[in-house]
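Down below are the structures I want you to see.
In what comes next, subunit A is part of two complexes: it sits with subunit B in the first one and with subunit C in the second one.
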Partner chain A sequence: MTNTSPSPQNLFEANNIVKRIGTVVIADGVDIHVPAGSIVGMIGPNGAGKTTMLGIFSGNVKANSGTVVFKGRDVTSVAMAKRARLGIGRTFQIPRPFDKLTVFEHTLLAVQQSQSVSMSEAHERAIFALERCGLLKLVNEIGGDLRLLDRKRLEMARAVALDPALVLLDEVAGGLNNAEVGQLIEIVLSLRDSGISFLWVEHVIRALNATADRIVCLSGGHLIAEGSPAEVLAHPAVIESYFGSPAFMSTAS
Partner chain B sequence: MSTLEAPVMTNRTVKRYSRNSLGALGIGAVVAAVLVVLPAFVGESSINQLTQFFSFLILAIGWNVLAGYGGMVSIGQQAYLGIASYAVLYLSLHGVLSWWAAPIAIAFCGVLSIPISYLAFRLRGSFFAIGTWVIAEVCLLVVAQIESLGGGAGASLNDLNRFSPNTAGDVTYWVGLAIVLISLASVALLLRSRVGLALMSIRDDELAAEATGVNVMRTKRIAYVLSATICAGAGVLLILSNLEVQPNSSFSVQYSAFMIFMVLVGGMGTFEGPIVGAIVFFALQQWLAANGAWYLIILGAVAVAVTLWLPRGVWGTVDPRNRRSLVPLRHRVSVSATVESGE
Partner chain C sequence: MVWTNAVVQGLLLGGLYALFSVGLSLMFGVMRFVNLAHGDFSVLAAYAAYVLVEHAGGTPLWTFAAVVPMAAVVGFFLQHFILDRALGAGELSPLLVTFGLSIFIESALQQGFGANNDSLFLGPLSYQSWKITNTLYLGRLEVIVFVVAVALISGLQLFLSRTQPGRLLRATADNPRAAALSGVNPRRVRALATAIALATVAVGGLFLAMRTSFTPTSGSNDLIFAFEAVIIGGLGSLWGTLLGGLILGVAQTVGSQINPADGILAGHLVFLAVLAYRPQGILAARNAAL
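Moving on, here comes the complex of A and B:
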């Protein structure tokens, strides 16, 4: 893939991303592509720079070099808010709810900012986004009052309410129990079926195994492995660098 | 989840009016009507006191928009107060009747606040606060240099002298009442709009607001301009009622202390807070006026007590989750679900 001719079937392309923080090299020429309609998982050891990469993709972190292309348009220098309105939603690893707004107002805000529709239609869409993310029961709660699990759902709902083509998820499955991970998988798959693509940073391998079309593993500034979930999770470099020991794999799956 | 459950017919309605707020609007209308006809029934000194009260109320409303809803803590809003006062003086010296000068002066401050916002918004947090103060001090120094406006000694507003004190006091009172009502209405309209929701989201978490598509600078600027315009209303009212201006007092940072006091005591980021705060402030001021220095000491003590025991202020304590707001600003969704079939 070259920087100048983005391939049309890719909804999202990050090309040749270089990012250093101080002396730490987060990315040293990384390419990540998300084909339309797909779910791409991203794994990597703690501190590898996954969250930083999502920041570069969503627009709140500047890369040292490289380009970000969304729907065939170079958005490298487009601000975060504009990217959100264009259809790149994101969640934050540590949830960032609006402390004094109601849950409904979170998704209403997203609808109002990204879509020009009538008030009643905006209300409908805001409620629909909450419903899809399992938050309808908490519709009138205040963001600052939510528990961690609901905060994570709210992160998703707020991103989904943007009517995005792509959602960047940052460890939304962390801290969930087995049943909750199952629910999350269902939610993500149904959103995917409705046309949203995902780039999903996750430590909970089971979630990616059940959803991802492709997985990439970021470590030491490079994608040390890339391919189907089965391929990547069996890749010796991944097992070595990410899981530390093969024994971990057997307990994780 | 819900997409996977049995088909459910849900009936959702989004409400902004509650019984609470409809009742409050009714009471508010009655209070406003009583205030309009009040000069016919009460004496001149009471009317003048109410005019003073209005100017503090307007300041509290203006500061609350900026800090309470926009999260921008400024200690320089007295810049607009002073400039508006001096704009009225300037216009009256050029033949515009002071009462007519009022709306022009207010509009002028609103426009002026746009370029100033570009300067102030280069700073964040406490630097923003200090920066706004510096801007106000610069305005003070500039105005004090203008000899035609009285220089450092100030000047008096003479064109209302041709009316009887009674008439002048009443008209100024109505001007003040109009500014209060227009300020309250414009804040309510802003907060009900999408800009208002965006503003509150920025206050709560600027990065998350950006990730939700909010144009942060534009939204903040709208709040800043509205706040400046409202604070200008207080400046207009102060010169119309005091009939004199002096740079050091018109641009005094003391006004910022008063604004902060009223909003913190009343409840920051609530619509009702500034009203409650202004009443408390004015009552204390009337009560303690005779006691000189004690006045400021007791104000300080009240401020400390409120921050310690009522950190949300009076109204914020009455209504911590903004559910009892007397004005329909927030959203309330009622979902009544009926499962269609057992499928």
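Moving on, here comes the complex of A and C:
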């Protein structure tokens, strides 16, 4: 599926999102935009509702109000599976591969669901998605047998296999060591260069610092800061709500 | 020699049980609930064939072509409009809904056809047999049923492991949310699973009606055999279900050989033994299809 939409300025727009869970306000009129070809990072203190926001964007969580626009089309009431086929991929914080499918079958499934291509073409694309995420050596392994980094790669590959325009990443760098985070950054940057945009929720600031064009900080239902990584990470309100105390800032900048 | 005969007849009967059970196994694998109306759908299929033969005549064999696709369509819509709704309402609801369906189907059939035994008579095919030795005869119909059962289960296993719809079924069985993430509509996949389940149980129901007889309420009894075969073999594994069916069949015929009245009991005892000593079933879930 090639991207033939009437080239909207923003590939993805969430407008005026309101979401409450019980008495907790996750979002109280939040706007988030992802321009085509860019990487937008989202940070915020634990419990701010970042994952819930990704759920609203990918379609498995319903917002109380607000609209979600993708490629110029209102997808607010479109189900998760359909959004995936339209080109919104996502990964989950805790990767959960299919226990009994091979690595290859994971991406093949996604290719065949989202693109109508011949069998051999589907096989090629499935392999290509794995190659881009560094999983080529593990094509015949069973998903349930993979270790953490490979599980995370597989989540990425599964999203990439959809031939997506946008991938929502949920803390893919969490639990990885420094070298592994480095590999992940490489993968994301190369995917960005091939035309995929990202909205990346992450606690590992280093990863966002190395990749994001823009960072937003969600806290208490609002975006309390928005701008380049340097701007946002130095923003007093961010330091206050996210890092708690200036003493922790040394690692961030 | 009587024992050889008992075992061989048991294997042939077991093929039918397996055919009968494979849909139950598939639905459990994909949706994690036991369809308590499973047996009644086989009886429903038998009555549908019965009515078709009454009106259109001919050998009951042609009714496969009509009843099996019909069952698949019924399965698709049953899942789409009723069972999916129940699935959304908690673990217990699908059980209650299918239990209700079971009662409804049995009562409706009793209302329409009375409580008599009926059968689909195939003419000579019903009693002809091949002589192997002086003491071992293989009924033609029994052999045909067995061959169809093994072929159908093998085909279904290949379908699950080699085709895109099969992968969709396995992926949805494993993790519906992750499947949706790959662009899979879980509702459609569940409807496909139930369509296949009802189609296979219709084949089983027609063969059962040709081999023996059926009444409006025989579905509940059939469900117990199907359930036993699935549990003996291992939940969610199609090869396991085939094996479970064969073991149950052999247990029943060997039991009857010991004492003609105790065949069914012997099957139940084997089932109990498996539940007690290997509750995960003989082919454990590691190599299960779903």
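Everything below uses one rule, namely that the second predicted complex is superposed on the first by the 244 of 253 C-alpha atoms of A that agree within 3 Å, B and C clash if a C-alpha of one lies under 4 Å from a C-alpha of the other, contacts with A are read in each partner's own complex, and residues count from 1 in each chain.
In this text, a contact is a pair of C-beta atoms (placed from the backbone, for glycine too) under 8 Å apart; a residue touches a chain by one contact, two chains touch by 3 or more.
Here the structure is a predicted model, which means the values were calculated and not measured.
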Practice prompt. With the two complexes overlaid on their shared chain, look at subunit A and say whether subunit B and subunit C clash or fit.
Written response: clash
Practice prompt. Please indicate which partner A:Q9 is in contact with in the superposed arrangement: first for subunit B, second for subunit C, both, or neither.
Written response: neither
Fill in: Touching partner for A:N60 - first (subunit B), second (subunit C), both, neither
both
Practice prompt. Give one of first, second, both or neither to describe whether A:A84 is in contact with subunit B, with subunit C, with both, or with none.
Written response: both
Worksheet item: Once the shared chain is lined up, is A:A110 touching subunit B (first), subunit C (second), both, or neither of them?
Response: both
Practice prompt. Look at A:L101 in the shared chain and tell me whether it touches subunit B only, subunit C only, both, or neither; answer first, second, both or neither.
Written response: both
Practice prompt. Give one of first, second, both or neither to describe whether A:L162 is in contact with subunit B, with subunit C, with both, or with none.
Written response: both
Item to complete: See if subunit A has more residues touched by subunit B or by subunit C, and give me that chain.
Response: B
Worksheet item: Just which bits of subunit A does subunit B share with subunit C as contact spots?
Response: 58, 60, 79-82, 84-85, 89-90, 92, 96-101, 105-106, 108-110, 112-114, 158-159, 162
Worksheet item: In the complex of these two chains, what residues of subunit B are touching subunit A?
Response: 1-4, 10, 12, 14, 194, 197-198, 200-201, 203-205, 207-216, 269, 321-322, 330-333, 335
Item to complete: Sort out for me which residues of subunit C touch subunit A in the complex.
Response: 164, 167-168, 170-171, 174-175, 177-186, 288-290
Worksheet item: What does subunit A use to touch subunit B in their complex?
Response: 58, 60, 79-82, 84-85, 89-90, 92, 96-102, 104-106, 108-110, 112-114, 123-124, 127, 131-134, 136, 139-140, 142-143, 145, 158-159, 162, 183, 186-187, 190
Discussion item. With touch defined as at the start, can you tell me which subunit A residues reach subunit C in the complex?
Written reply: 58, 60, 79-82, 84-85, 89-90, 92, 96-101, 105-106, 108-110, 112-114, 158-159, 161-162
